[in-house]
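Just so it is clear, A, B, C, D, E, F, G and H label the chains in written order, and each chain counts residues from 1 on its own.
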């Protein structure tokens, strides 16, 4: 973020040519910090309601730590997704409050625990193997200020298992469903509730599951009208959107 | 829906063995009407917040009219999607208030116009050719009690066109973005707002657009965390979910 | 079928060098009739339990009629699948007992109505649009000597609709489930019954349904262990295999 | 499984308001045991004729052992598929009767050897490399109470090899065929017998075999009408369905 | 073809600097006739053993006739493939000896019937619907100077039908097999003969046949080592290569 | 384009707070005209060097004419691609100078013929059927002020045909190559010249050409390093980029 | 191979009921040796002109050695393809004449070097990385009695490299071309020669080469009519078919 | 390169039958050096403006070193792409000036640093993970005599980051954009500049990114007309073409 840009805005503002809230908006939209290999987007918390999250995959440990330091300096809560215990070791040296979540391979700092949601978010899995993805969603939603209920292993081949949780589902503000293989559970859940259902296809399965493509296609073709879909294994995205849906209008 | 099922519930209820709200819930979940070629799901309005919508595609005109008659008898508002002017002619004979919307091929009866939303829904298209899909979304959302703002032809190849609408987007409770070809617009919009973005890939394009698959994949891989996706050309689904997100908690 | 082949077998048999049942088996396996553009396989009824069925698609009306005449001369029941009303007109001139079934585009002669099954076959559809495929399955099974129960429009987005038929399903010897879009119904049905479930993906849907591929993949990845799958829209194959499963051991 | 649910059913039953067999059915359908990461479905043996099988893939060793302990406490026979020798080591510590089958990577406890089938099940492979998948099918079928005949390496490039087994095939109640590469063997076998053929595509092959997709497509398009298909490498599913087809009506 | 190029070669030749056969070779390789929308390749007969064939698909009738006139002026035999009866009408006005073959949509002029092959070419189809593609192959081979034997409708679901022709197949110099659906026939034929088998996948089938892709993949993965493959429905290519294989070394 | 935006810029400019060239730049980037179903991007000529082109496909004739009127009012040259003779009829009523190009389905107004290029652009096709796509490229390049040389039907199966044009190719500033089927020609051309080659896959072919996907993949994998690729049949894009490459630095 | 089968044939033959050459043919077709995990097909040498080759991939070292022992006992030449140096170690203990070829991972015993071909076979690669596949083809062809010429690294991006070998190619009886990436070389070679060209796509490349699918599709769509295709990386198949094409009629 | 070819040309030249520049051209086009496993194409520098680059992938270290030695003997600058630190160790032994670039896995010798371009080349990435591919492009362009500006991590989810660089982009002669996931950045950049944009899809992403296919399809369908595309992760190709576009006409 170049000084000249801010100064220009401030000068115009101080001369009264630019209303204060408009000036604030402009600065917000322009704001990022260039650290060479990354442009850390500090404005994102304001624009999107949560600071930039570090997608660990494809970055070197040094890059992850460098971005982490910039974010933690300004934001109480930080997430690193799709990363390794080795990176966690380095992060802990920087910041001792960081937690390690093995199943989803996720590092979290959670200092601000203010509740920001209007209701609860239910996170459901079809099978035991889908738990890592669902945990990424649940941890994201909790980090963003939501109460979360977990329902694991309730797939459609024993449909009474999900029916047993009908009441709990119907009392949620939004439901996340993670499922691999045929990905049928979101359709069944979608038919039981009148809130949005976010379907997360997982790469669980083999053969014609095509690494989650079968589940993805199934969810996109859901006959339940209240289902939307995110990328395969994208628990983070599901937790993020669920948080936005659940957010109190004053938050 | 078999009488015996209801009677069993009612008897248990009258004997005090089943609390009233539980009995009501059960009846709600069980309720549908079997008309041979279809099981009209009257319970859906209660379970999902809107009566069953008729997907015209793949049904004979006789089937569409038969289902329509069952729905209109109980519900003030009814939609038929993906249908033809010919079917509209037959529907009009049944019900004179039915409207015909040429671009999306949609029939609508809109008798109850109560506003049910907390804010506004913005519907955006990347190009002129995406309008029919976006109109399906907008009409659905309006029929479900929402105020809708339309922004047509604001694709990323002239990014100033969408930036010019930033304020309007940022004041919406949820944004729907319909785009074909590379499907890049939802990512840009997603980065501008802090509300959920529902991306609708359209089948607009040629060659390597693969009938909308390119746009679909692009949207699923969006680098903006607040984007979820529905099926190609599924304007109805996008409008439906946007309505649920926008719904007032007392509606 | 060349005379010399049969004669060779018969001579060996009459000399006592070939046991009678072995000679019969050989003749059965060799037997077909060459009519130029087709080798009509009269042995199939013996080998497979039903005479060769004519797949109308890709054949000229003349070819269909030519093969039909060969089959009807030897077999009480004959099916022509994936054909047109125009071909039916020509077939009726040959054989007045032929029936026309509009939805699946199927011609049938049903002179032998002996019941050959041990139990009943249930045929289920997820939606109204799947009925043509399901009817092809049901008609095939009836033609092969089975009692069939039809359950239309019981898809998973209103799961109570299929649960209402649980008893009927559990009393069947085999269940056929036709579904398009996400193809989730076979998994749910599979979890309810302890008999084989034959899943028929249909080409109903649009966009990412990819002409039935989404449903097909979903069914192949079913988490219910008792589900097997046939080709997209292959109602005939499903009805055929269901008949073999249901066949009395003395039939 | 919540106590309250059972109690409700039992009270209604004891008051004579619910017939005994209906109460039993309900309990059966509701029954599962929640152990946190899994809902062990004890009702499945009743509903589907075999206790829940543990798909090892995607589960941690601890999860597999935890589920195994729950199942073995109630069921004489248990299978763990797609697992490793390392997991077997841990299972043996829990239960000494567990057997290890190297080729398919399968753990089995077989205490109840009652024969439940009406006839025999033939399991055929196209090549030597398909044996692991076929063994999974054969072991599953044997564990479920069936007599099994194995025919290995009888692919179509030397069609006399399968013709030599024609009699054996024709005397079976159901035939399982595992084949990779072009997956042509099920069609040939299907044309030889009048019983159901369950085709299992295997991931054997390279290049355009696409990890078994070529074989899968070939089998789905089989010109033999008695062929149904399961997922790539899904020997377990094939053995399971074959057992259901072969099951005596009184079993 | 520019005069200067030929003159240069000829001058060098006449000066003795270029051996005669080398000069001839060069002229042969350079030779084509530019008629604006096409460069008619007269050298191809010398280089490839048959004059350029006109692929009708994608060309206007005027273009087809223009190229035809150039070819017929120099070559006794000419083929136009993938064309229509309408184009045939125009070609007949140019050249009265032209024949029309309805099934493959092929125009042929056959003035030179010299036999050029060492043996016979067998052309086999799996089904009746594959005949048009197979006829394109057979007509091409005959036009290029070969004796052809046709075997129609001998698919693997009745494997005795192809076994009945074993002797005929084993006496051929090369075998062409056209098959749609699962495309299994070339593997079976390949295992019966010791000559090259050219497999032609056809677009016959539906659903998961994917317009011939299933058959194509099956053939590419054939377990018979003597099978090579051409494009879907490319009967012409199969007939062309078979002719080259069968060609007498002095032809 | 909102007046307030321009005014704000102008005021800041007149007060000397914003340098003139910066103000001009901003206005340029913001400028578009909202006509309801389209935002006509008049700024594009400045930003991209050519006015917005109308992609006819997917638009109604009324929409095309409406956008055309806006463009022609400001720009000497206008293109409408992928349109029909019927639309041309309507456009001619608006503007009599409009030309119709049948092969590519293209309408053009060419009033400004200033030459803007540094050299020549060569446009090459592999076959006669690729000409419509290549003409779209050539007409686009000519409309944008370039000299164009056309080389039709020079595919690799007769490689001497393209070698004969080597000199012409090597004297061009950029080469466009349109090819369907295997799409091999760009690699060969790429190896002959030291300028950029823009490869346009065409949808010419059948079967495994997959509507141009085979050619597209071939071109993307070109072993010649100077090849870039545009969408299937996208002659316009190729002509556009070639023009930018060839543009004089002062144009 | 069951004794009873042979005896039956022999008795019929000795009684004069079966001509000697017919008896021989039958025995030949029936002949294989069942060693449990494999049915070693000794008849293949007679039926196909070369003994069964062992595809190492997917077999355990024990299985490879077991099959090898059966083959080497009867056949002078044996090939094991797609295997490892470790397996070679074990094979050498069985048979000291076995050679190891590192690049293709191939074991060979070559005791009979009789020349069986009418001409020479040319094997060409597009790049250096394609050599392992091409070597598999060349070694197979040599083992089957052919003279082979190798031309490595003559891809189309430098088309003069292949043109320099034109004479050599035109003097071959058949040409094998191995190419990855865009797979264009077979089309160019096909246009230069009048003999069959066998194209072998290789998995060389990255990104959109899709593991050889791009090259495969390119070759299937070749505009040269004399090109047929085998599976990706299937050098063995190419060498095998080339040998059959080149075989002397008396061999 | 055979002596006879050169001599022939030279003799014709010395006799005055071949103009000197034509003789030079011929020699240039024919020139390569055959070292067994590779035909090192020394003519490429003349034909294409840069010596042959060694694609390390798929070659043995020995092959890479062998080719390197041939190139370095004649060319001041040499690149080896997609290679390893281990190969670099061997190359350094041959040539001490070789540099190692870790991120892209690239070896470079840069002895001639003459500037050859008319302007600057901008290289942009959407994310930090795309840097290795972009570095390959930037290093290639620098090695070919261009000035390069790097803009890292400016993806569309924070569109202000790329807008902040608008001026820099608009002053470049050509822009390279590397992006994974949805691949939307090239469209946005394309709309901002009036120079060619070369889009490089990267394999960064997961799930439905399909190893870069999603980004590739997005870029091919770009709604910006000035975008062309190279293979996934092909930074080298992008840098190469950008250099050709930027090259001074006298270079």
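As a convention for this text, a residue touches a chain if its C-beta (ideal position, glycine included) is under 8 Å from a C-beta of that chain, and two chains touch if they have at least 3 such contacts.
If you're wondering where the values come from, they're calculated on a predicted model, not measured in any experiment.
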{"item": "If a chain touches chain B and chain F alike, it appears here", "value": "A, H"}
{"item": "Contact-richer chain pair [B-D vs C-E]", "value": "C-E"}
{"item": "Copy-to-copy rotation for chain B and chain G - C-alpha atoms, rounded to a multiple of 5°", "value": "180"}
{"item": "Geometric centre distance via CA averages, chain C-chain B, whole Å", "value": "38"}
{"item": "Gap in Å, rounded to a whole number, between the CA centres of chain C and chain A", "value": "48"}
{"item": "Geometric centre distance via CA averages, chain B-chain A, whole Å", "value": "25"}
{"item": "Of all residues in chain A, the ones touching two or more other chains", "value": "29, 127, 158, 180, 191-192, 207-209, 213, 216, 220-221, 225, 231-232"}
{"item": "Interchain pairs in contact, sorted by label", "value": "A-B, A-C, A-D, A-F, A-H, B-C, B-D, B-F, B-H, C-D, C-E, C-G, D-E, D-G, E-F, E-G, E-H, F-G, F-H, G-H"}
{"item": "Residues of chain G that touch chain D when the two form their complex", "value": "2, 5, 29-32, 36-39, 41, 43-44, 55, 57-59, 63, 67, 82, 201, 203, 211-213, 216, 231-234"}
{"item": "Residue ranges of chain H in contact with chain F within the complex", "value": "29, 46-50, 53, 118-119, 166-167, 191-196, 198, 216, 220-221, 225-232, 236-238, 240-241, 244-245, 249"}
{"item": "List of chain E residues in touch with chain D within their complex", "value": "126-127, 155-159, 163, 180-184, 187-188, 190-192, 205, 207-210, 213-215, 217-225"}
{"item": "Chain F - residues contacting chain A, complex", "value": "11-12, 17"}
{"item": "Interface residues, chain G side, partner chain H - complex", "value": "127-129, 131, 152-154, 158, 160-161, 164, 180, 204, 206-209"}
